[in-house]
Amino acid sequence: MDATLREALAARFPAVDLDQDVLLVPAADHYPLAALLKEQGYTLYVTVAASHHPGPEGDAFEVATVLRRPVRGAPSVAWRVVLGADPHLQSLYPLFPGADLQEREQLDLVGVRFDGHPNPVRLMLSEDWVGHPLRKDYAPNMPHAPWR
Amino acid sequence: MDPIFQPFRDDPHYPLDRYEAAADLMLLNMGPQHPSTHGVFRLKLVLDGEIIVKAVPYMGYLHRGVEKMVEGLTFAQMTPIFNKHDYVSPMTNEQAYAVAVETALGIEVPRRARYIRTILAEIQRIASHLLWLSTFTLDMGGVIGGGAAMMMYNFREREDIFDLFEAVTGSRFHYNTHCIGGQRHDLPEGWVQRVRAFLDRQERAFDEYLRLIRNDIFDLRTKGVGVMSADLALGLGITGPNLRASGVDFDMRRDAPFHAYDEVEVRVAVAQGCDAYARYEVRMAEMRESVRILRLLLDQLPEGPICGSKPVKMANAVRVPDGRGYTAIEGPRGEIGTWLIGGGEDKGAKPFRLKIRPPSLHAMAAMSYLLPGHTVSDVVVVLGSLDPIMGEVDR
Amino acid sequence: MAVDQTNLSYEHPLYATMDKMPGITVATTTVDMLLTWGLKNSLWTFAMATSCCGIEFMHANGNRTDLDQMGSVPRPSPRHADVMVMAGTITVKMAPRILRLWEQMPEPKWCIAMGSCAISGDFYRDMYSVVPGIDTMIPVDVYIPGCPPNGDDLMAGLKRLQEKVEAQRAGRWVEPEGRPETAKAILPALGRVIDRDGTQTERQLRACQSMGLDGNEHRQSDLVAKSAGLLSNLLKLKGR
Amino acid sequence: MKHYLRGLHLALYETLRQGFKPRITQGMRSVEQHEERYRASFALTHNEHGEQACIACMQCSNVCPSHVIEVTAGPKEASPATGKKRGWAADYTLNLQACILCEMCVQVCPTDAIVMVKVQEKPGFSREDLVLTMDKLYANAKARPLAWANGSILREMQDPKREVKP
């Protein structure tokens, strides 16, 4: 992370610890952070990955997003947002059109809803599928009649 | 391009009822089993006459649940799983996985192993682009002498490449030659000379391809078709040759070197045309560039051990502690990344969550932006020029 | 099974009349040999290529291992083909389409399961979205092991199919029986499919088979009828 | 039109030129035509004393990503040749139905018992044809040429302290 970006982030998001490899950001800062990074030249939308973390206090979800600057050195910024039992997060579709399919995939497989997504339907599985396969409580060998 | 289609090119979710159709709107379904959709991919097209108004991609016909499956496998077992995503370039997919786990564990890979990886990756890049060229021209019929003529030419060199891989790994297709910390197989004797001979043949073959391709039909079918601006490409997350064809000078091999790319000079091919022809130009230039890089690498190939850590003897030999990180390498189709959260079952021997970042899925998202305003016959050209592999899109 | 269906061609009234003519057996045997020779040397393939094996199928039809020299020409349409080469993983979303393409092929037809994924679902067989083997839906004639089988193996598989075709035409074909190894084989547990709640199955099947095209809902009624047929097919397979 | 004719001319020239090149179609390749390291099917070997080499350590069965290897361990008995106590495999099944030929089992085998052979199994008419039982695996080792790799060769090749060739 270069100095200008660090200054801009520290000025805008004072609560975030910038020394981590993967920044931990509150859910409200998710969209503003992406907007700021896009202004700073991080225009390449790399990926979004959601994961399910069951715990004794209940379910937690984590959504990680990676952006990259397409210049020499390829600096990238990754941040994650921790969500509660009813996971929903602001969609990055207005900033990055690539978020369309990526967020649909995470909605399908992990079950994180993205607010403001133009077409929040399943991508990989059929539309009547029950459950989200990448949650830890979903059995991998779930039958699906009559095919398996 | 008629400006009436511009709203659909800007936003694929633009409501259809605001469009004033010249004729009745018609729905056309392409796929999932269609000879030229590069696998099982379905495209719903809304047509006004012969012009596409809206294109909606549907995928998931090859969704095999790999990300769920790897949560039940140990890290040592996982290499053969990964070459089945992008089945046209299995070698680079294995490398993406090996690099991800090595970065997470901080394992240093010996210099010879890094060179072998680079050599294999570059040969795989040629093989992958050859298959792209054959299917692209096969779909398009842009070759005088019949659609399959180009495929026969490309497969001649591709068979040579598979023979080279078979000589190293023993398998034609799914190699399983990478392990965490290095390579599983060393290069056999005389292999380097064989590669050199192959490179000479390949260089001559480029001229043969050009004699078949360089004609007006090819130019008419590709120039100005599927124009993707640099902003759109970056926003969609498109990487690799497709991004460089939109005029963005960015290549992970040069800009974020992995393997042994920091020890050779990589000349990045960039085209400013943004259309299907530019994508063709970039891939052809990349193949020539791979031949040049391979010659340099073969000259510098060092001796030494091929594995930095002890050989795999147990299924749960590798344990990744709790933590998360993103690593990526440049494959033939773009950035193959892995988002890895360690510390899964069996004290970290299995991953908690492993997400593969597929370059093809990002390329498929471009379909609904590029197609409005084109005719039906341009669909296969745009799809072919993006070079998607459905195994990677759906995983 | 495929055996019964190929014999259907002999039930034409013309054959019955011809059987009564003196000396005709010599002539028909010769003609039959000719037909068998033609049939087994022109097995046109329809590549139901979903994944990796599809690329090896392309290689097999390429210039190194030329399948054309066996008279086996790849056809992109199921209507032109005799053999469906199931190359690749079958997913729950794709399975109804594969079944429909199989039904579109004219008789007589055969099916080759190429590679581990088509035979048993490979290591994906326990995953939520993968069908554990093509033979849970379609009768398979030849299984080619490998991941993926290369052109030589595909050629060997076609030769094996030619043996089977010849035996079938001559009426010598015996369906392979279960053997002691069966206990070790990974066989699909069809029971779990049939024991399930019928209404839910039907609803899932309908959504699964729906092409989702606006205005094509009238196709749904056909599909429900077909789903009942499919379930009875599966019951038959289980009985085998 | 002129450009079109030029393209046609070039393409026809190229097509004609290929007619004088040597034929590359091979058909089915024999074992000699494959590369030295080619691997296709499996075999179980005997050790130098003529006993079964498998000691039923279960490592192949544990490492197999596809879970197709089933080993049943017999009682531990002393070897007649050396007198040392060792394990014996009562049954060994490798199921080619779902095997991906990844060479993982060969890599981990401590006694080089499971190896690969160069000749592919014959395609079968039923799923049961593809199950390699213990008898078939031992027969393969005698009847077919063994592939290049076995566990010790692979591990020696990967050893970080390997002697560097000049």
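Letters are used for the chains, namely A, B, C and D, taken in the order the chains are written, and counting of residues starts over at 1 for each.
Throughout what follows, contacts are C-beta pairs under 8 Å (C-beta built on N, C-alpha and C of every residue); 3 or more make two chains touch, one makes a residue touch a chain.
Keep in mind it's a predicted model, so treat the numbers as computed, not measured.
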- Item | Comparison of A-B and A-C by number of C-beta pairs in contact, larger one | A-B
- Whole-Å gap separating chain A and chain B, where each centre is the average of the chain's CA atoms: 24
- Note on the structure: Per the C-alpha means, the centres of chain A and chain D lie apart by a whole-Å value of 43
- Using CA atom averages as chain centres, what separation in Å is found between chain B and chain C? 32
- Task: At least two other chains touched by the same residue of chain C: list those residues.
- Result: 63-64, 93, 123, 127-130, 147, 212
- Query: Of all residues in chain D, which are in touch with two or more distinct other chains?
  - Reply: 24, 65, 100-102
- Among the residues of chain A, pick out those that touch two or more other chains and give their numbers. 124-126, 133, 138, 140
- Task: Throw together a list of every chain pair that touches.
- Result: A-B, A-C, B-C, B-D, C-D
- Note on the structure: Interface with chain C, chain A side, in the complex: residues 124-128, 133, 138-148
- In their shared complex, at which residues does chain B touch chain A? 12-13, 59-60, 63, 65, 67-69, 71-72, 231-232, 234-239, 243, 248, 250, 252, 254-256, 324-326, 328, 335, 337, 339, 341, 352-353, 355, 357, 361-362, 364-365, 369, 394
- Tell me, which parts of chain A touch chain B in their complex? 21-22, 43-47, 49, 51-52, 64, 66, 70-74, 76, 78, 80, 95-98, 100-102, 105, 109, 118-119, 122-126, 133-134, 138, 140
- Task: State the interface residues of chain C toward chain D in the complex, per the touch definition above.
- Result: 63-66, 69, 116, 119-123, 125, 133, 135, 141-147, 149, 152-153, 155-157, 160, 164, 176, 178-179, 181-182, 184-187
- chain C to chain A touching residues, read off their complex: 92-93, 95, 126-132, 136-137, 188, 192-193, 196, 200-201, 203-205, 207-208, 212, 227, 230-231, 234
